[in-house]
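Below, chain A partners chain B and then partners chain C, in two separate complexes.
After this line comes the complex of A and B, so read on.
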């Protein structure tokens, strides 16, 4: 014998949807700026259909078996897309929780006996609570995916190797240098050295917020690897505070060329390559003399 | 047993390692090279390892040894064409090879050897005559 709710709720799809939509539209947490109402209605419709499908089978005990897969799938899709679009967790959870209110109103209209009404409502309410947990879980998962993607993007775009002159490369490092980033920096630098046949590489660390012994060790590794390739490495952009820290930590940078600014490093590189930069008119003057 | 050929080019010796160096091969190269330096009284050794993809700490040490030995015999050693992956591996193994000179390719390596030779004996007597 099917329960009361299982018998009549599936037939009341449109009614529930209308009540639910009204609930959502009235609520102050409605985000018309992030999602047009038509889309909201479409999402609600899809989810409600999936849920009523489950209610019809009259099995509320567990949200995990195969029958619930459809509901979970729809919910996961909705909450992931909301996480990406910038909805807050509260707004996402409200989407499911407001359905409870809608179902309550429809149940009240259709069940006369208070005891039966109470029983049905408790069952449906427990079921929806489980669904909102699923929503929350997938919402967080969606957010985490966004964070992971951004992390990998940042590490990729933040290590450009620039050719500043024929045979001179510059590598501005921005952000903290950890082991994995050092690896990326080192690899892209060495590959570029081979590609451009450069003999000098300038590591500019003015964008590195702090240098501790680990970061210094990574820098030294990069410099040594560049040397092994047959290129000279200059470290530039050392701020006074960083110079102080390096000395206080007792890090030995004596074997490495260090310059205060990128301009100085470039000048030093020109010297190494026996290049000279001067004003356009000067050469004629010298020639005339 | 395989051998790595050592080519004599004037005052210099040229070694091109075309295969991955295993231990016995590297040891053989080391002794062959030292003998060749002695025989031809060469002033510079250029080792091209651009085809080497795999290194271990032993090979890193052999390269360092070769550099030191030739230094004793008054010849400079330049290692050229190291692959980025090889360089990273050597650094991660803790072998910065401080005593070894390196260059990007054979051309730059030869330039380096010539410069070092010039620095040692700035001008030979014949060249001196030319200048006057």
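After this line comes the complex of A and C, so read on.
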């Protein structure tokens, strides 16, 4: 035996929609600036249809994923598009909860027995509460996706390999070097060495807040890998406090070329390549002499 | 010794470690710790938090600002995990000893970086490391 609500509510789709729409249009929180009323009607219609579909099957009190899938899908779509349009999650949740009022009015008209009315309303009310939570979940999921995307983007853009001179590459490292980032750094450096036929690579760690033993180990590994490729590796940007810390930690970087600043490292690299940087005109003087 | 402020930070992912480093820096700046000591404490914290993530899969860090007199201020960090524990602490405190594939400088190096160092470990129960760095020590 189907419950009362399941029997007649699905047939009252238009009536509920009208009541609900009127309520929403009268509500002070109506955001005509963000969404035209026609679109609001379309969204409401779509959601109501999906909800009535579940009510019709009369098993909305226990959460059955299969039955809820359609509603959840519609709701997720609405939440996502609303979030994009600039609605707050609170407004989206209120949109779902406001349907309660519409359903209540229609229920009141059709059920006379107070106890039956109460029972039906509580059941539908709980159901709608659950749905309003879904809008929140969707909203948070959307935000989390944005954060994840940004994290991966940051790790990619923060490891640029720059060719500073013919045969000389520089790689400024900013932020903490963890295992996954070292992997990206090492990979892009080695690929670039082959691409540009470089023989010198400068790793600049001015932007690394702390060099602990793992970061040092990663640096040593990167240097060894570059050497295997036939290129020399210079580590620059070792600040005084970092130098002291490295010594106290007991890390041995003596086998590696290290310089205090990128400028020093570049100078050293020029020396290695037997290049000289002079002021314009100086050469003529020497030639004239 | 008086405790001026304290905070507990749960460590589960590498992102939490980044947050911890930020908090530690903030505390150091608050008590006007010098840059060298700041970096030392930060490196020590980074070292211990990595150990925690790697061997115990996470844990809890208690950050405290402590003072002994007006001039003697410092930051104390307690790293507690429920990991497998350390079988031989004496060996673990030696340079170059590692059960993983690391340089084996984490624990002994950390000890050299801070003013006070204390380690307790029980096999199968977990490990607790307390480090303290004075503002100018």
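As a working rule, the second predicted complex is superposed on the first by the 200 of 289 C-alpha atoms of A that agree within 3 Å, B and C clash if a C-alpha of one lies under 4 Å from a C-alpha of the other, contacts with A are read in each partner's own complex, and residues count from 1 in each chain.
Throughout what follows, contacts are C-beta pairs under 8 Å (C-beta built on N, C-alpha and C of every residue); 3 or more make two chains touch, one makes a residue touch a chain.
This is a predicted model, so every value here is computed, not measured.
Asks: For A:201, decide between first (touching chain B), second (touching chain C), both and neither.
Replies: It touches nothing on chain B or chain C.
Asks: After superposition on the shared chain, which partner residues are touched by A:228: those of chain B (first), chain C (second), both, or neither?
Replies: Once the two structures are laid over each other on A, A:228 reaches chain B alone.
Asks: Taking the superposition on A as described, I'd like to know which of chain B and chain C A:244 touches: first, second, both or neither.
Replies: second
Asks: Mind working out whether A:176 is in touch with chain B, chain C, both or neither, as first, second, both or neither?
Replies: second
Asks: With the two complexes superposed on chain A, say which partner A:213 touches: chain B (first), chain C (second), both, or neither.
Replies: second
Asks: Which residues of chain A are in contact with chain B in one complex and with chain C in the other?
Replies: The answer is that chain A has no such residue.
Asks: Hey, which residues of chain A end up touching chain C in the complex?
Replies: 176, 178, 209-214, 216-217, 240-242, 244-245, 248-251
Asks: Applying the document's contact rule, which stretches of chain B touch chain A when the two form their complex?
Replies: Its residues touching chain A are 79-84, 86-88, 90-92, 96-98, 102-105, 108-109.
Asks: Show which residues of chain C lie in contact with chain A when the two form their complex.
Replies: Going by the criterion above, the answer is residues 14, 17-18, 21, 25, 35-36, 38-40, 42-43, 46-47, 50, 95, 102-103, 105-106, 108-110, 112-113.
Asks: Where on chain A does chain B make contact in their complex?
Replies: Residue list for chain A touching chain B: 183, 186-187, 190-191, 193-194, 197-199, 221, 224-231, 255.
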